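Some structures are shown below for you to check.
Two complexes come next, and they have one chain in common, chain A, joined by chain B in the first and chain C in the second.
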Partner chain A sequence: MTLSSVSDIDASQPKHLADKYAIAGIGETAYLRGSNRTTRSMATEAISKAMADAGMKASDVDGMLSYSSGDSTFSPFIAGDLGIRLNFYMDVFGGGSSTEALIGIAIGVIEAGMCKTVAIFRSMNGFSQVRIGGTGARSAVPVKGDEMHSRAYGWQAAGQMFAPTFMRHMYDYGTTPEQVAMVKVTHSQHAARNPKAYYKTPVTVDDVLSSRFIVKPLHLLDCCVETDNANCLIITRAERARDHADRPQALIRSVVGRACKPRIDMHYQHGPISTVAGHYAKEILWPNAGLGPEDVDVTGAYDAFTFTSMLQLEDYGFCKKGEGGDYVSNGTIRLGGKRPNNTAGGHLCEGYTHGINMVIENVRQLRGEVDDTCPIGPDGKRIHTHDYSDSGTCRAVKDVNVTANLGWAMPGTGSAMVMVKG
Partner chain B sequence: MSEYLKPLPEPSIDSQPFWDGLKEGRLLLQTCSDCGTVRHYPRPMCEKCQSMECHWTEATGRGQLYTWTETHHPFHFGFKGELPYILATVELDEGVRIQTQLLGGAKVGDLRVGTPIEVVLDRATDEWVLPYVRLVK
Partner chain C sequence: MAQITADHLGMTLTIEDLDHENKDFFAYCAKGDFRLQKNPNNGLVRYPPTTRCPWTGDPDSEWVSVEGKGTVYSYNEVHHAIQPAFKAVAPYMLLLVELDTQKGTPSEFEGLRIAGNLVTADGEMAPPEMVKQVGIGSRMRMVMKKLTDEIALPMWTIDEDAEQPAKPWRYAQE
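After this line comes the complex of A and B, so read on.
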């Protein structure tokens, strides 16, 4: 079967919204395994914190977006609890790659005059209720629709569905488990400087390779953590963000949402499965941003598994096709390297949020407001040492002007965003 | 027959002939009646020519390995007794790929992209026959 004809993507859409919108507020709960809280409770906390961060009160927020897989609480309940009267809301189905897509939707509805400021949240008990790894209650649901062409034979969890892509990448390009293990190693070193990370202990390549197989070639430590948490981003026009808070703003330069490979219901049917959605998404992301991968200071490449970061960094053009294994293992992605990835520890170490905490971290980096383990000065702020050696305490990257988030739903679907400091 | 603990398909109007074929011992592939394109899994429209007319043709049951993994973790209790098991994506000679389990005690270390396979039909319950693959002997 031949690949559908999608080579002529029009990436010439107007760029006049670049830098016109900002992530004005960020909020997060603790990252826990066993929150003993409802998703409603966690969502209200995260949004309340994001509003405080943005310098906004309930009457300043009139839009709400959330995403879930039926494992969260819908916006009408959350808004009511916060005293927010909504002019717009929508709760969409989906997990990874929703964050950047919803940011684009928020810009669109504000631009259409439907509301002025949108709170985007994801609240989930990904460990204690609906386990994201696909065990427990999530595995026992009845086979429905066209899942019957995989589940009956034992295909169902994310690791089982994604690992064949990695397997084929190893085969086609010689990528090794040792190389992708460096993603976990690096993120664990980053998480060691993040007081909020769930896993703060650095690990080694040997630790990853000697952990038990989950889905060969994936080891336990190639897989992300399952946690309970809520995160929020507040999106509004840049001038409104500045009116409410006097600080460097994280401006949205370019966004692409849920860009797809052909036939994503069965992407492995079509063309090389070692290529992922970023191959297409990059044709929108970079032209609209007016810059390219070489201009990016910090990345947030979705690490549901070690190899998902690698596949995305490669297909978004941070290295040549087939060289992702080298890119993630040659020092580039670690703090102190040329372009650190997931400086808070990502899904492998900080906590699993379906992508939104990686955007929060890049906002912090752009603002210069990273909360690491550096000493606190007389003004109550961290004195960043920029010491990234093994004994260092810093995870604030020096002079961050451009960040990129690469969101992953599955090999066939991805979202992405470029932010700039402004 | 002992209790069957694995998930079982719920056929749709689009896929019913595929499952009926398995019960008769045949692996049927949906074929566009207008342009002849073979497609799998069963679905209402030909993505090449958008025809909704189709017929079913019997596959040779031969193909090649495209990729594979080996599951070591019991995601579903029904598969616990089979761990570890190999999941294979297979390119059939008809040009479509199927996802299933590789049976027959193959070792992952022996597998290569392009390794020849054949489809084997296995009776799951009184009602259900499911398609698997094994290495060509």
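After this line comes the complex of A and C, so read on.
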């Protein structure tokens, strides 16, 4: 199957911004089912930790961005709690794919002289308040207007909405359930080396395929975990990041924010539905990065479902179109493989954050500061063994210079980012 | 805000009076007439209802009757229903049926892919044994599930008069 190229897209991010901005600070709460506190409380913790990580005080942060679907706390409350006086803030509507898009926006507002440092946060009680899987109060509200063409048919939850794309990929390319299950198997092996992960027990292909069906082709273990947590990233110019913290920095090389397929309102009309937004986004991501998939050491392909990682890795060009099933099951994406994916366990195992924890993990990989359980040396730094055998505890990848995050909103919309060590 | 409402499987459906596109669409359905908006300037028909032609942005449109026949393009099969209304009818099927009308137009991968549940010929949600018969490639015909004089939902049932594939494509693990 061929699809028209979009190489005439004007990839207009000025290349002079490549590597000029850094993710200076990262912060996260525990990943829980039952936080027993507000999104406001969790957000202040995550931002506070990110500021400490960046070596910054409240007066060093003057911008704030957040995303939610009405299930979080707005920036002014968070900034107030932390003693931050804002020169800029905005709270946007959105879930997956927001992280990378907001990083691009943060760079833009700093370039515009509107502020100097932006804290981006996502705080959610995705288990104990607004269930991310769509159960609870949201499932019972009346069907209204345009929803008459979806929710009226019992077509509402993310898995239900995406499943026709997953199914059609299997039809078009012969992708097998066993291949796709390897995404969960691999991420569970990674999570076993992450003390913070919600699910730390490795699973097998049989475990995935024998778990109950949620919506064909998704078994329970093809779906991510719903958790309560907050994450934060602090974005500022690279030299400012270096002024505050002496360490290898995670520099932002290239960003794509919510690139869409045609007819995003109803992408099933346009097709082919087994192709996702990454097909378009890659025409911005790689040219602006000045490198390609073959140069990437670690990926963070959004795993709301096992299929979403596979589809994105394929459409961003990590393998040929239609070969995603092989790519995710041939050893490439596991620790010790050529290009590990979601080394902290991702949404399937670590916790569900709408994408931001996958960026945090790649920052850690680029810095060489992965928080696994390898022994800590006399200088207080972890001595990574790079032992990826079943008995090993290491999840730090050797010599990471380039990472890619592939964010997913839905089959028709995605965001992405390349970071480099600098 | 005035609105029309209907009950389907115990769930409330609402369309506000100012939502002319959806009101017209479902009102035609209630008359047993499946109509879609056509841009008279290029002849292209679209689904679901929109305010303008998605290919040109043209505001002109007219409702034209379209034959409710096509082939299953993709589907899902819900085993864990989350909406209360659907718990009693699981497993149920959501079908995307590609109409014969305008298939592959205006570009190779485009088509009118109409959503709907798999139902019996008289519009009831399909029993489990019927769900197992339908997959990608199955030939379907539209059935209107009439709820009120103003709202009917387009649904899909097996087209008994059509030539069916020997084995429609279904998910591997049955």
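Definition applied: the second predicted complex is superposed on the first by the 412 of 422 C-alpha atoms of A that agree within 3 Å, B and C clash if a C-alpha of one lies under 4 Å from a C-alpha of the other, contacts with A are read in each partner's own complex, and residues count from 1 in each chain.
By our rule, contacts are C-beta pairs under 8 Å (C-beta built on N, C-alpha and C of every residue); 3 or more make two chains touch, one makes a residue touch a chain.
Not measured: the values here are computed from a predicted model.
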When chain B and chain C are modelled together on chain A, clash or fit: clash
Chain B versus chain C as contact partner of A:Asn401, first or second or both or neither: neither
First, second, both or neither for A:Gln160, with chain B first and chain C second: both
Which superposed partner A:Ala152 touches (first chain B, second chain C, both, neither): both
Contacts of A:Arg212 with chain B and chain C, given as first, second, both or neither: both
Which of chain B and chain C A:Thr135 touches, first, second, both or neither: both
Touching partner for A:Gly271 - first (chain B), second (chain C), both, neither: second
Touched partner set for A:Pro177, first chain B, second chain C, both or neither: second
Overlap of chain C and chain B interfaces on chain A (superposed complexes): 4, 133-135, 139-140, 142-146, 148-157, 160, 163-165, 167-168, 171, 212-217, 263, 266, 268-269, 273
Interfacial residue positions of chain A with respect to chain B in the complex: 1, 4, 133-135, 139-140, 142-146, 148-157, 159-160, 163-165, 167-168, 171, 212-218, 263, 266, 268-269, 273
Complex contacts: residues of chain C adjacent to chain A: 5, 8, 11-16, 19, 22, 26, 46-48, 50, 54, 73-86, 89, 91-92, 94, 96, 107, 109-113, 115-117, 136, 153, 169, 171-173
Of chain B, residues touching chain A in the complex: 6-12, 15, 37, 39-41, 43, 47, 66-77, 79, 82, 84-85, 87, 89, 95-101, 108, 113, 124, 130, 132
Chain A - residues contacting chain C, complex: 3-4, 133-135, 139-140, 142-146, 148-157, 160, 163-165, 167-168, 170-171, 176-177, 209, 212-217, 263, 265-266, 268-273
